[in-house]
Amino acid sequence: MFINKYYKLAKYNLFPICRSLTGRGIQKTLKIIKNEFPNLKIYKVPSGTKVFDWNVPNEWNVTDAYVLDKKNKKIINFKLNNLHLIGYSIPVNKILNKTQLFKNLYSLPKQPKAIPYITSYYKKYWGFCITHNKKMEFDKKYKKNDKFKVIIKSSLNPKGNLNYGELILPGKSKQEILISTYICHPSMANNELSGSIVSMSLIKHFKKIKKLNKTIRFIFIPETIGSITYLSKNLNSLKSNVIGGFNLSCIGDERQHSCILSKYENSPSDKALLEAYKKLKIKFKLYSFLKRGSDERQYNSPGVDLPVTSIFKSKFGTYKEYHTSLDNFDLVTKKGLQESFVLTKKAIEILQNKIFPNSTILCEPFMSKRNLYREINLINIKNSSRILLDFIQYSNGKLSIEQIAKKIKVDYKKAMQIYKKLFSLKLLVN
Amino acid sequence: MFINKYYKLAKYNLFPICRSLTGRGIQKTLKIIKNEFPNLKIYKVPSGTKVFDWNVPNEWNVTDAYVLDKKNKKIINFKLNNLHLIGYSIPVNKILNKTQLFKNLYSLPKQPKAIPYITSYYKKYWGFCITHNKKMEFDKKYKKNDKFKVIIKSSLNPKGNLNYGELILPGKSKQEILISTYICHPSMANNELSGSIVSMSLIKHFKKIKKLNKTIRFIFIPETIGSITYLSKNLNSLKSNVIGGFNLSCIGDERQHSCILSKYENSPSDKALLEAYKKLKIKFKLYSFLKRGSDERQYNSPGVDLPVTSIFKSKFGTYKEYHTSLDNFDLVTKKGLQESFVLTKKAIEILQNKIFPNSTILCEPFMSKRNLYREINLINIKNSSRILLDFIQYSNGKLSIEQIAKKIKVDYKKAMQIYKKLFSLKLLVN
Amino acid sequence: MFINKYYKLAKYNLFPICRSLTGRGIQKTLKIIKNEFPNLKIYKVPSGTKVFDWNVPNEWNVTDAYVLDKKNKKIINFKLNNLHLIGYSIPVNKILNKTQLFKNLYSLPKQPKAIPYITSYYKKYWGFCITHNKKMEFDKKYKKNDKFKVIIKSSLNPKGNLNYGELILPGKSKQEILISTYICHPSMANNELSGSIVSMSLIKHFKKIKKLNKTIRFIFIPETIGSITYLSKNLNSLKSNVIGGFNLSCIGDERQHSCILSKYENSPSDKALLEAYKKLKIKFKLYSFLKRGSDERQYNSPGVDLPVTSIFKSKFGTYKEYHTSLDNFDLVTKKGLQESFVLTKKAIEILQNKIFPNSTILCEPFMSKRNLYREINLINIKNSSRILLDFIQYSNGKLSIEQIAKKIKVDYKKAMQIYKKLFSLKLLVN
């Protein structure tokens, strides 16, 4: 079970890292993944680069961040939990009183034991996040005019980079399946690392398979700005080759299965996922595309039109631990991850087996030079040759093998045999 | 009520003019309209110019035309009624006997008080039109060999021009609505001036509107040769931009409402007109495209394919005063014109509000730089931002706002608000 | 009855010729056809020429072939029946014993009186075909070690050619009907000459017709390699112009009528053939496209996509005389051929009369210069002019005359009259 390995890697190595859209956290994360899969290519795109309507942000790094009370006690310490610091906080070195400090202190009154996860990517800001219990404790303990020292040792480098990783498992076909997950959240398990764990397990599984039908393209990207950057670099080839894809997010808990189909709900990956649920007898919740929130937003946008399907367990925004310190490896389990791995693997396998053959030649092929006819042409040509020619007749790049099978009145298994034979003879591509 | 003003202008200034396909009558008519709307552009196209299968005819002008009897009495006088002279009559200065004269004298035995309207644009000819009562009177009064002097002081100038007028009310969108009416009939009210009265009232109305959604293009042209000439000069831009249009003809009487839809009966202007009838609770008669007869013939022809709808009261050819001196301002009334103005205005307004938005960007827009996100990205993004993004997802240039509204599950009013916001942000065009 | 003439020509002049894919037999055959129709163009394509996936084979010729027994008696003599020699047999001059000879001796145990027809176009081979009775006789007569002399005076010339014939009956329209039949089988009547007899009769019939609506293109080709060669030379123009076609094969017996429709069963020639069966009250058997076997294989292949229909009496492979010496003029009769001629002629005629008119002009035509209006434009334009304009309105190159007739509410006969008038005026093409 691959899940075991990547579960441990994620829990012990990846979880503690302070990730964000950019910076050393994401670089370290990509290195750890590359350590598992040396074929992973790590790309960097300079801060400020125009990507469609956006610009790649400055690279953000933090060395330390804390709040000292008047007794020099570290009452909040970023080094204890990444979530304590608002993502993309600007550098700060200030003395504040309690009222001033509390304005930049965030907590969740309804979840008093959880540290919230907050970012301010595109507005210059700083702040700390703590449990509501801790905030109440501070409130009791300190007086209005008590002084606090706030230190944030961060940098926002306009000469930095945005990084992402890409791993391609080449298939026999130019047709591609895109698997996308994100690596921009610090210390969160379901809404982040579950996707990478399942993606890594899928890579491990599919790279063992010698003859992949279709190319599988795995990408590990920061969410939103990462997919936008990736699309701006690769749009034409993706549009030519991607026949479907899966966005993996919040895919590690045990509560339920759920998904969002592609915008017009008719992509090959939609069909493959629905078929996978059915085959595995999995009950699932289908969310409207209007409930989208992850990178399916970019892939399905007008003019991009990559028909990508999102697979979840408990969808982002629907579970109480979402975007808090409680989104951890109590919520995400090996069992939950394994179920998602099995499901996603099945959906990919189904898609792998959907083929739209295209004849490479005009008119019938010259079968004799390929030893497909009996050499002496007696009254009936060989039945096995016959059916090859039947198959080619319908290989117009628009009919799937299932559809061709119906046309030529053979079962799917037989049609696959024929397809394989013709493919090996280079009489078909797909 | 604009109708009042243009009713008077038509009745007292335009009606008496001797118009035809070309000549000073049409030039004078265009000047009068330009006096009301200085933005009207008046174009001239030289006689002889090849326009598709046709040639622009010679410019026809008349200074006088009459018939004298042996006592030098003007028994027929063009100056008393334009219709007395057949349109495009060649110059004549002849002495004829009664039999010879009567061969070129036209009347309507079944409508003895009406002067018929007759033209001979493309065959050299001359003749006079009188009431049948008058013809009977002449028949009694004059003997077979009585002499008559026929004088037609006309000219057919091969170095002349054909004129037409065009007024564009620019909208925010490149998409256009075409409003076409004709100005080539002399002294007829329903089958001519009713169209111009309604067109001018529409211009007056819509030019007050500051932010027209779609461009409205009004043209005042001679019928048939005028629309052919106009199309030959403007075909490509019309085909790119016109999403629907209305041809206005015989639109001033009080008897009924009627229309001819565009050839395949599925244009946006067809739908808008049918919706307007419904909203205004107007009963109407729908004529087959086979009953067409005005410029809808040219607009809908193969290869031109502008989906133009014709709006009538009593359609040409269906009322007894048609093409006679009885087609006057007893038949055409302010009430009849006002009804047609209200209807046409409503249809244009409906069309103005049909929008097919198109996203200007790939992927989602960067909302933060447009202050569309709350600056601190807490757990839920603002609902109002959310729905903007939903709208953009379906803005592919093929779905109307109504259709997008259904997709994103908001009512039409809300969808329009969203559309306006996104349009102002230049995130959509249409 | 043309059939008589070409029946005799085929029976007495064409039947005895030793034809194959290439060589003097096919050249002689084409010359005989050209003698009947001097407009036939004879083409040659050099051996070795690449034609799609194939290469034109070497030119095969035979001057003599026989087997002598030890007493120098010609026990098998190619000059007595072409079928005695396997097609494309390589040259041989050998002494063999009975066992060795018998390995290359083919017969049909179940049809002891028939000489089988066998070829080995693409593998170097030689052999003789005899009746099974004769083989049994030899078996009794000769001993195991008796010697035989085998002489095959054949040549396989790599500097030879493949020949085919093409005859075009130009129609008024660029639209074409393709009639294809093959001329590569030696001495067989149904599976070969029946097609040429019907094709020649059709040429004779249709060339008398002065004003063919559509061009008819007749080709006389070797089967498979011939159609592939022809397509490789003419693909673009065929794809532009061919609106349907008929492949004629095994069309001379009296047993039944049968056919194979084009691949997607919706071509104009499919509809025309089905209509012809119906009009002639002919019962027929419809074979699936999966039962194809003649040149419909090439015409309908992906990327070629010429919608060609095959017309048969007893389809190839379904009758006991098929590919034997019994496929002769006892099986093929004048009556059988005449029925096929009448059927095919009818189908072509139906197709000839299917017209998809296309307006040559934009906007309405200028009818006056064509004397289509009454010269003086009184109240109503002539009804007969009116309907011409109606017809033009729907002449968009996509609607057939039947469809236009429905649109403009006239019967088919009237629509044809209109079409002819407009065509003669050059206002329509098709």
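Quick notes
The first chain written gets the first letter, and so on, giving A, B and C; residue counts start at 1 in each chain.
Note that a residue touches a chain if its C-beta (ideal position, glycine included) is under 8 Å from a C-beta of that chain, and two chains touch if they have at least 3 such contacts.
Given the structure is predicted, the values throughout are model-derived calculations rather than measurements.
Subunit B maps onto subunit C through a rotation of 120°, based on Cα atoms and reported in steps of 5.
At the subunit A-subunit B interface, residue numbers used by both copies make up under half of all numbers present, so the two copies contact each other through mostly different positions. A separation of 59 Å divides the Cα centre of subunit A from that of subunit B. Annotation for subunit B: no residues touch 2 or more other chains. Residues of subunit C touching subunit B in their complex: 358-359, 361-366, 368-369, 373, 375-380, 389-390, 392-397, 408-409.
For subunit B in complex with subunit C, the touching residues are 52-55, 86, 116, 118-123, 125, 127, 224, 227-228, 231-232, 235, 263, 289-290, 297-298, 300-304, 317, 322-323.
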